[in-house]
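Next come two complexes built around subunit A: one with subunit B, the other with subunit C.
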Partner chain A sequence: MAARAVDQLARRVSGHTSDADELLRVEHLSISFPAREGRVAVVDDVSFDVRREETVGLVGESGSGKTVTALAIMRLSRSPALVEKGQIWFEGEDLQAKTERLMCQVRGRSISMIPQTPRSSLNPLMRVGDQIARPFQLHQGMGRREARQKAREMLRQVGISEAQRHMRSYPHQLSGGMSQRVLIAMMVACEPKLLIADEPTTGLDVTIQAQIFALIKQVQQDRRMAVLLITHDLGVIAELCQRMVVMYAGHVMETGTVGCVFEKPGHPYTRMLLHSMLRIDRTADVTPVGRGIEDIAYTMTSCRFAPRCPSVMDICWAQKPAIVATEPGHQVMCHLYRQE
Partner chain B sequence: MTTRELSRKPDAVVRARPLRWVTRGARSLRGRKLFFLSLFLVLGLLFLAVFAPLVVPYNPLKTNPEEQFLAPSRVHWMGTDQFGRDMFARLVHATRLDLMISFSVVGLALVVGSLLGALSGYVGGMFDDVLMRVVDILQSFPAFILAMGMAAVLGNSIGNVILAIGVAYTPYFVRLTRGEMLKVRHLEYADAARCVGVSPWRTLYYHLLPNSITPSLVQAALALGWAMLDTAGLAFLGLGIRPPVPEWGVMVSEGAKNILSVEWWTWLFPGLAIFVAVFGFNGIADTLRARVMREE
Partner chain C sequence: MDSSILRIDGLHKQFRLDRATTVHAVNGVDLDLAPREAVGLVGESGCGKSTTARCIVRLEQVTQGKIFFLDQEITAMSQREFRPLRRSIQMVFQDPIMSLNPRLSVRQTLREPLLVHHLASGHEEMNARIEEIMSLVNLEPSLLNRNPRQLSGGQRQRVGIARALVTRPKMVVLDEPTSSLDMSIRIHVIDLLIRLQQQLGMAYLFISHDLSTVRNLCQRVLVMYLGRVVEMGPVEAIFDRPLHYYTQALLSAIPIPDPKTRRQRIILKGEPPSLTRLPPGCGFADRCEFAAGSCKQEQPALYDVGNGHQVACRHAAGLRS
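Presenting the complex of A and B:
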């Protein structure tokens, strides 16, 4: 206890505050890609956190930097992406500072990530069973036979019938939904504390999507994991998440509890997203979000949403808005909430 | 679920599975006369090589001044050469040596080449640049000329022949595997493996290498035939393997002196043996290549 207090004190002194509930904290993360001239910050000064056993939704349209952020958390971003600055704290440790060898122990054991494309995320030459057994062998030092047994158990838990037979299947013999189940089994095998699900249902049909989300929710509850859910689908966020982070062109526009954000969306972009959503409880017209993120947005140092913003002001082109708390636990980065 | 149906559907992202033709291929190979003829020839040669001493009662090195240039007969199936040695005995023992050399050459080139190529494609950067330039230099010579030069420098021994031809063949495997590696390197399953904590090297070895070796395996089958030809070629030119060792190239070389006289058996049979071997391996390689390319 004393050690922990000292630890916390030390962190507070070093400018980093933390409470026991906090699992992941991303601080001022910037990631750049090379562009025609110089480099462009595709993720710019992104900060958010995930608490234990919490589900956080990361939402934004294509190109807003969600996947790049997720890969950076896993420390799997590769050239030409470059993490320019920022820290990623996981359980009080800076992941950026870890050696590759230590990161290999973090991946799969503490943090796992379900990929976007289930069908191509399994090694086509390896039996499904062996692929699920791998994390057990890597992280829990099990022998092959024991690991296989656990793998079979995992297959059953993710709802694959005939687990025994599918242990020996090759990935091409599985459907997309089954592949995703297998990947979930693989990723949660060693009970990570954080599961990143990067659009886990792209390419699956709607009924299977619902099943996969139900499965994620179930394994999360069974294992008391936190989930960082990356998605385009606000409905899914409303369903599964406690808090959400709205990203646009590499900026975090709004964070808050799902209730707050849906009730009182602060940022014009969030409002735009919400209006684009079909809702059963509202008869208002659906307004499409329209064209995607402009290339110019990434080079802007002011508000990157300005080119598309319905309530754009002069200041939006001039400087980057400050992050303002509109209510407890609800922050918006927009000049509309400028404090005079 | 509908696994059968799905397994038939081509999936652009799922890579070729190199050994699937073994399990599933038998069906599709039916009616491929060339393949079975080639297979028969190669298996025949392998049989001769393995059981060489049992097949022929003669010592391939034993000379007999009284039996020079005997025409093929029931006693000497392929006649005798200028020292009275039994041609058939020499031919069969040569099969053993030539197959051994050919397999060693390809084994060396395949293992070294694909490991280097895989590494080069995966690591990239400086290592890749340097290795590729070395490969460029090696490939700017025709393989046979390169092998000739090396064999001449290294000196005459079987080991040196293997080394010389092996090194000359390695660049092809480096390039092939590197190219495939560049294709598979960033496929999602590599990332997924990394996500559960598989180290970069294990990912390379267990997940990426097996998925990028297919073209090299086809190339290896083809190279077996070439290696035979090149070994015999070197020996014919007097490099590498020298008389009196029974080797096809040596035998052709010795027989070639009689090409204008009547002793046709001294050059025809070893020449035919080379033809059969190269034909056999090429036939197999062709079928494999057609099979793999159809999958892609």
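Presenting the complex of A and C:
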């Protein structure tokens, strides 16, 4: 609750938002998985929000809980994952309280998700054109002919040449970049208000990645969507996002505008990540900061970054830090910013 | 004749898929590697960089061309003739879990090369060599009895590096050794590779699509496209003054983690042509802004623009001079 109060205070201070702006709010979300030690919280008390037409980056490494969080927003969490607590508000409605039937109307129409692996997300036995036509038939009640017409139009909009021919293609006949374009076409077909893109360029080459991000940016502007972009690449965040949420081991370590976080990273983990990102435009000091431990201590109830932290203190092992606003709109969860 | 440790002359590698289809993976690559030098081989999937690497360590038979290692032609050697050289040229693979034997402990994995090459006499010397290499790659000796699946990704890759270095090679081919690792772990491995190279004085051929790592690890870089080298030169020249339109596009596509840096991005049209039907002229002509009619007919040679910077594009070379 204290976190919420700080959050609201920070917003009031920064002054550039009202509740009407808010599209998605994730509140105190915890998701557990079974482990040897019993159920462990792989996502632990995660809160953040996304405003209309905004691009928010959710950044973190393997096991940080980014994808699990995204799936929970779509209400696609499946056993053994279990949403223990928390609310997910979308346009003022609690998605957790919706029936599955109502949720089906949200998915694809109000919120869409581009998954990590385009190849395995397309139906291999269905022609591309028919797959893109589906959302029009399901959500907008179009007939087959009209839906196919729209599907062809969508293919053209996502930059697939010879749209007519590719309407009849099967997914295995497409390259990775083209599969991702097809998925984007499907996902934005019904003009959702929020598009969740989960590492949408994994496995694609950088020049194709640049094409895909340019496309996402373009459809976002054309359709005035908000985008929640999940990535481990701080370069992508710097380029595309207005705000960012840094996750580590299921905890939100830092949130803020991209400018603030890059300029004044508050959390030692964010600093470590920024330091680890080598750049093509200059040669850097590659001496690592902090410890390179990969096992994540999901059972820890204090700060889960403590085992790797270069600035670790006694209290870090004992107690989970409170969320502190270091400046308006910039919050850090770290004992370094303990308020006396 | 020269001081190079590795020299490649006109390397070609083709794979026959069936009677009608041949994949032209590598189409005429020349390369010189000096002792103690770190050279990056970069490009996107299908450009032939991994195939080139595998030809060098004789995991593939070359179709055409010659490879000289320590002034001996290794392409013509039999397995038996090559064996004494094998310890001097080692490889680190991309996927550490696939390239480590799941049934061997770390100790057994590291012992194998020493046994094969008769590099240690007796148990004590063997164990001393293994412990030495473990400490060089910053692994706890307590991990020696573990199996690969009981290790984390970063630890596995360190074992892969240790296995390559335990024979004290003069040259190591590294095929995307950091691409399976998370960012904050990757930097530990990169730092380790740089320190080991300086300490042990090896040459590196570093295969990667991650250009930011290449910039920080290598002195020289070769950019490949469709099985050919399109541009090569010192790292600063290639990254700061790229001449080939493909190199420019490739570099501009990589996001820079700094919201204050704004750059002009080149978005390439389409995708590379199929390796089964190579275009007669410049392989990049279909996607190039500056392509003229002659580009599609004639294969451009590598033009030297000074300081070891070469580019396989007449227009780019002309612009420079």
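Following the convention adopted for this analysis, the second predicted complex is superposed on the first by the 305 of 340 C-alpha atoms of A that agree within 3 Å, B and C clash if a C-alpha of one lies under 4 Å from a C-alpha of the other, contacts with A are read in each partner's own complex, and residues count from 1 in each chain.
The criterion applied here is as follows: contacts are C-beta pairs under 8 Å (C-beta built on N, C-alpha and C of every residue); 3 or more make two chains touch, one makes a residue touch a chain.
All values derive from a computational prediction rather than experimental measurement.
Of the two partner chains placed around the shared chain by superposition, subunit B is the only one that A:P135 touches, whereas subunit C remains out of contact. In the superposition on chain A, A:S276 contacts subunit C only, with no contact to subunit B.
In the superposed model, A:L102 makes contact with neither subunit B nor subunit C.
When the two complexes are overlaid on their common chain A, residue A:A238 makes contact with subunit C while staying clear of subunit B.
Applying the stated contact rule after C-alpha superposition, one finds that A:I296 touches neither subunit B nor subunit C. By the touch criterion defined above, A:S175 reaches both subunit B and subunit C.
Of the two partner chains, subunit C is the only one touched by A:A210; subunit B is not.
Under the contact criterion defined above, the residues of subunit A that touch both subunit B in one complex and subunit C in the other are 175.
Subunit C meets subunit A in the complex at residues 44-45, 152-155, 182-188, 190-191, 194, 209, 211-213, 215-216, 235, 239, 249-261, 265, 267-268, 270-271. Those residues of subunit A lying in contact with subunit C across their complex are 61-62, 161, 175, 177, 205-211, 214, 232-239, 258-259, 262, 272-281, 283-284, 286-288, 290, 292, 294-295, 308.
Interface residues of subunit A, counted against subunit B in their complex, comprise 74, 76, 78, 100-101, 104-109, 112-113, 115-117, 119-126, 134-135, 138-139, 169-175, 178, 183, 186-187, 189-190. The touching residues of subunit B, when paired with subunit A in their complex, are 1-3, 6-7, 11, 13-15, 17-18, 186-189, 191-200, 206-207, 210-211.
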